[in-house]
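Presented sequentially are two complexes of subunit A, the first with subunit B as partner and the second with subunit C.
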Partner chain A sequence: MRLRIFTLSILLIAAPALHAAPTGEEIMIAVSNRDVGRDERGEVQMVLEDSHGEVRERRLLRLRLTEGTEEKLRIQFLFPPDVRDAAFLLYDHPDRDDDRWLYLPSVRKAKRISGAQKYRNFLGTDFTYDDLGGREPYEDTHVLEGEAVMDGRPVYRLRSTPKESENPYAYRQVWVWKEAPIVLKEEYYDRHDKLRKRMRVLKLDRVQGIWTVRAREMVDVQEQHRTALTFVLVRYNTGLSPDLFREQALDRPVP
Partner chain B sequence: MRSRRAPALLVLAFACGVAAAEPPVWHLRLANETAVETKDGEVAKFRNLIEPELAWDLSPDLRLAASARLLWDPRFEGWENEAALRELALDWKGEGTAIKAGLQQVVWGQASGFLSSFDVFHPRDLREFVLPPFDFLRRPLWLLRAQRGFGAWTLEALWSPQALMDHAPGPGEPFYVPPPQPAGFVLVDGGQGVDHQRLGLRVSRNFAAWDLAFIYMRVPRNDAVFWRESAGTGVLRQTELHRAFDVVGLSFARASRDTVWRGELSTYRDRDYQTRAAIGGVQQADQLNAVLGVDMTFFTDLEVSVEAGYRRIPQATDEFIEPKARTTWLFQARQPLWHDTVKLGLTVIMNQRDGDSLWRPGLEWAASDRLTLSAGFDLFNGPSTSPFGRFADRDRFYAGAAYRF
Partner chain C sequence: MQRLARVAVNFPKATLGVVLLVTAVFASGLPRLHVDDEIINMIAPDHPARVLQERIERDFGVRDVAILAIENREGVFNPVSLARLAQLTRFLQELPGVVAEDVASLAASDNVVARGDELLMRPPLSSTSVTPQQAAAIQHEVLDNPLFVGRLVSADGTVAALYAPLRAGATRALVYAAISEHLAKLPAADNGDRILVSGKVMIEGGLGTAMRADLKRLGPIVVGVLLVLLTLYFRHPLLALLPILTAVVAVIWTLGLMGALGVPIYVPTTLIPVMLLVIGITEEVHLIGEYRAFGKTRARREAVLAALDKIKRPVTFMTLTTAIGFASPAVSPIVPLGQFGLFTAFGIGVAYLFTFTLSPAYLALVKRPQSWAQPRETAPTRWLRAFGERSARHPLAVALVLAVAAAVALAGATRTRVDENWVNRFKPGHVLYDSDERLNRVLGGTTLLYAQVTTAADGLKDPALLARIEALQSAIAALPGVGKVTSIVDLVKRTNRVLHADDPRAERLPETRAGVAQQLLLLESSGDPNDLEGWIDGRASRALLWIQLKDPYASTAAALLPKLEAFAGEHVGQAASVTFGGPASVNVAMAELIVKSQLLSLVAALVAEFLVLWFLYRSVGWTLLCLAPLAIALPAIFAVVAASGRYVDIPMAVLASIVIGLAVDYAIYVLDRYRHARAAGEESIAAAGRAVSESGAIVVADSLALGAGFCVLLLSNFAPLTVIGLLTAAVLVFSAALSLLLPALGQWLRLPASAAREPA
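On to the complex of A and B.
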């Protein structure tokens, strides 16, 4: 796997010089396989703003663990109070449907939830569960459409078309930074070819030598609704225990 | 006596950890729930709640969790006041092992059904007994809970020394159901026969898209059966029994694209059942239980659940008070709207044998991040002798408000 990441990274870096651009699929595989350490812990602050200017907040703790080719994500809700200590667990498998569980303190048990839930809004935000992780490169057809410069950064511009028919979006326009394979901007087009949502990275930073998104926003253009995400207290390779990523451990909030 | 030692041990352990503690985190929930009977406008419930909660990380591996409930309801005869501790437990987590000791609630199984034998209820309001969340009516137990991972497997054990049974409504209270009494006899109180210990073991693992769990429990029957013996001519001595029986079962859940299938299979061994016999009146029998449910998602976020519960007592005769077989259907639908600020819901529960049902349409509005308002109806149908039909003339409208700090 490491060799594959290294090869793809070399390919991405060297491609312009060789005048042989990588394919869309190679770029998205590099995005997916970017080395972000064994584990990660951080808090996410969300601000939701509707078309009337009404603002709501969400806060959550995000834990990630990479085990071989499998990635595990645990999200623990901190605010608002009615969802406090609820937890979401995702096993992101590269070769089959992901596993998802939701723990609700009111029923005191973790419940397996279906893959169909990945298209619904996460905690009422403009991000879906799918947007927050778990989408594999092979689930879309990626076509490199060109190159551009965005906010001073050279980027590849791709069109990613979902292979599954039930996906609510017809395709996405994706802008990937050339220097480090990170998606800086995404536009989601609905089945009527109308722009539905736009995601933009607002702040990028190096944390422990790893390029890290510190702020991004998603705007639902049709509903005039916006969600801004700020990532704070992000740390990599903190030695997170795999025990935290057991379904049976979701009823124990992480301090 | 044993149950009085448990808090003392907790206090000792707590005192040891205080020195290294982070500041405690407090939360508070204030709520009012009001219900009005649609037939005559009588206020059936005016429940006011104060629920403080505390989480205190004494160290990175040790947490003290506590919560309490203060209740005042001037309209509910028999449950006007309550000041109860709902949780007081120390939760320790080591490498691969976790132990939680103290007053707590534990829920096992894929449905609120046959594998929930650690559920001891406070069913003073039988209209709400069947409704989720059960959290409100469940009586927490002093428990020791241990969990250990073995590779992909997880082993859990529960043990409780506490003699705590369902707190059923008493004579004169709104939902009092008198126990079956033989005609022509005078009954004298023979006290209680209670098995104290509760034990539970669960082995579980996630396997591909499956969640599997094997469960064994030895628990007393939470609701009462009455043993009667002769105490003279025309006099029967009646003893309230809560004797232990064995539960063996498995639960599963499987995700399959847009649906999740879940179920339980279990058997109760040598459980006490009430019979109509004047002398004796209790007979042991086995019971087979099955639950099959499916959770589906339509149109991105319309969640629909259908669940069938079946139970059978093969040795049951006409003398048994409980029917030989019973099938219950549960239907739930939930539609979030406007970025989850509004949730529409419908719950329907039907007993196939009695033809009775409960319909519960409801609406919940998160007016702000801290204030939630809710409203809906409890509608009952069926013959007057059936579990839901007996409330057929007590349909009600309910409304609630909850503010969280």
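On to the complex of A and C.
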């Protein structure tokens, strides 16, 4: 099923001559279903900049495993030393709330974390859980508003409006690359219609034939915070063991 | 000036036309007038108190808050009150002037609780409808968290508070208006809920609003009272209208100028129209009083010019001394006090100009009433003459009375104290006054002081430093006047306990740096960085202690600050630097500024007035005599303030400059008439009788009319207006009475009658 939708979407996007322009919803489904391999391993350099321009850095090991429609993500802290080997595990279910665990070496036990976190910032960054892929296409109404060229790349411009009323944002402007269904830029507008945050993909290239975001940033325009993520040493389909993605395995750091 | 007046009486319509035209020009500046109710803006931008406050706001994103609270004597943990709390939270989060994600309440602030190996992070109240059982569970959970008790909920469970921080750039007045409007529309609660309103945003937003509303409501009544009383006195409504007309036009010129220059209206400058009304009126009352004394013996134009000639000298003296009195706070570091003085001085200059242009032109056009044809001495004038002559025969008694009055006033004035309390601007019975008092009783306190601990990056992950902060925190919490102190230490200790299966013994600091760092990571991953940001910055180099004070008096904070500094040295020492700031310390700085600026401007004004009068009179004796009412009235005001248990604050400081401006005026009129009579060869007793019955009668009438007008301000709901109304009325009547005694002293001291300068 997933593959069929995916193929269909690619067809729709790649063959505009045959079809009329795709709908906003079709584009976002294609984004969500893009083939990024069975698993992925890489490191993330995270730079957090506050409104005074003061900067702190983190380095994380990032492991991803796709099992059917489910995605599992394991994040392990490499730097700074005082949080080294702390680990975070996330199961992204397409149809229900995500599951999360946090392992702290000083507590020596993984704790399941629950509560209303959807819109909350992820580990003190300017990205929310939703921004990092937790949000499913069916949760918004997507309207294709036009096409444009951005940094030399042809893009669709969409407006995505959340269906649920608790969402802190009134809507998002989304720019999706036509060549591969990847969100290149996103602007978040608050309930008073003011720009709150802006996400931009800074670097994009192919790894093992898969288009891969190598750097992206999120700027909180109102609070003047910035989070920059750089992805290095990315490898796909290295045959990661599903055992690494169990909460009981969090206390054993991945080398 | 007399030449100008001659032109005015000869071409009255043209004169009025020119005045109207210039007024239109000034009036064009009126639409550009804007209001600035921000108290912090009253202090110069580079003042240390303001610099520190703004740095803390920037570093920690702490902003002034609006506080709402639901109170229920039976307890707020019932389904109805909690639903109201959730709805109010939602309302505040959607308000444009509020930082939505920083709204704090039981329905918005995360609580971390342990459920076995699971950590539940969410606001205790996460639904608008709860069952009574759930309400009880929420109560249990909330009262267990020391970060909530005393801040978001009272220990007895009868009050639950909501805090809404002001968005940068949003104005308090707008947030105040939006919240007030919303609360007014809410249907009355039938379960005993009461909504309390407090916080700097609401208090400051309410200040300007309440004051302007009262001036709008009471201003017309003041004018109406004056009009009625002056009509009774002059027996002619059109003539009674002139003093008010000149005052109103002077107000338009002054406010128009402020608008054109982009000078905002602050709370103290709101009083400019009131002041100009008083001063603008006095000059014209004297002019018409003298004009009437001629009866109908001369042609109108001639009579107007002759009356002007009689008052031009005292009016000039009076304008100079009053303008100097008002301009004296121009050097004040409190910006609006300086502006209040300067622009009132400008208005006084305008009123002076009108006395020689607008007024003579107007009088030349208005017919005199029939009753003026036979001027006769009325009973009050006869009494005043008798009083003047008798007092001149017993100067020693007069001197004694004044000396005793001065001594009592001075002795009383030494008990003056300076303080500042913004809540006290409202009277008991006002929702802001009552709410603040109630919240200070049941919560940790609504007035905030911050201690900022600064060290190197990651320095606050050191458990040893956190232990020092913990010691500092408990030392501060034990001080009188302090309600509650919270810091990152509470948060870390609580997290530690939750991580250890909610074991109460684990409510302590972790032992290692890594332990602290990982707990901070957990708190960050709870996802609400704003919950954390108020306590510690991301680099763990700065922490903020929130010190809640039990009362809003600046003196409370002032008494605390040196002790806090000492504690910081004792408990933290060289491990980190600790600075104190926040709204409470701004109040302290403001109170200190008031003392300094008051002393400075009082001295400056007295010296300046002495020099002006001496230059005009060419006699130290006359100068001192003329200053005598001021020398008594000024300390008397402070004595009354001290005796009534009150203190000197910004409205009082404004009042002091009013006293300086007004107290000398009546003396100038009466003494001028006395000296004039003596110079014309009249013997001293008769001259004293003439001065007191002629000038004195006008002075008494003027002071009674204005005094009655000012008493209208007693109806105000706004405490400073009441005080200013009452005391200004008292000063006017008091200095009028004192001025009647001065001729007696003048003749006793055998001061020379001549050698006064004629104004050019």
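Odds and ends about this structure:
By definition in this document, the second predicted complex is superposed on the first by the 239 of 255 C-alpha atoms of A that agree within 3 Å, B and C clash if a C-alpha of one lies under 4 Å from a C-alpha of the other, contacts with A are read in each partner's own complex, and residues count from 1 in each chain.
Rule of thumb we're sticking to: a residue touches a chain if its C-beta (ideal position, glycine included) is under 8 Å from a C-beta of that chain, and two chains touch if they have at least 3 such contacts.
Keep in mind it's a predicted model, so treat the numbers as computed, not measured.
Bringing the complexes onto one copy of subunit A puts subunit B in a clash with subunit C. Once chain A of one complex is fitted onto chain A of the other, the partner contacts of A:Asn121 extend to both subunit B and subunit C.
In the superposition on chain A, A:Ser51 makes contact with subunit C only, not with subunit B. Once the two complexes are laid over each other on the shared chain, residue contacts for A:Pro253 go to subunit B alone; subunit C is not touched. Using the contact criterion defined above for the overlaid structures, shared-chain residue A:Asn33 touches neither subunit B nor subunit C, since it reaches no partner. Contacts of A:Pro168 after superposition: both subunit B and subunit C are touched. Look at A:Arg108: by the touch rule set out above, it reaches subunit B but stays clear of subunit C. In the superposition on chain A, A:Asp82 contacts both subunit B and subunit C.
After overlaying the two complexes on the shared chain, residue contacts for A:Asp243 are found with subunit B alone; subunit C is out of touch. Comparing the two interfaces of subunit A, the one with subunit B and the one with subunit C have residues 48, 50, 56, 80-82, 106-107, 109, 111-117, 120-121, 123-124, 168 in common. Residues of subunit A touching subunit B in their complex: 48, 50, 56-57, 79-82, 84, 91, 96-97, 99-100, 106-109, 111-117, 119-121, 123-126, 166, 168, 225, 241, 243, 246-249, 252-253, 255. Across the interface of their complex, subunit A is touched by residues 58-59, 61, 94, 96, 100-101, 110, 117-123, 126, 457-458, 461, 499-500, 510, 512-519, 521-522, 524-529, 532, 537-539 of subunit C.
The part of subunit A that touches subunit C in the complex is made up of residues 48, 50-52, 54, 56, 77, 80-83, 86, 88, 102, 104-107, 109-117, 120-124, 128-129, 168, 190-192, 223. Subunit B meets subunit A in the complex at residues 22, 27, 29, 55, 57, 60, 63, 91, 93, 95-96, 98, 105-109, 112, 132-135, 147, 149, 154, 156, 204, 206, 208-209, 211, 253-260, 262, 295-297, 300-301, 336, 339-341, 366, 368-370, 372, 402, 404-405.
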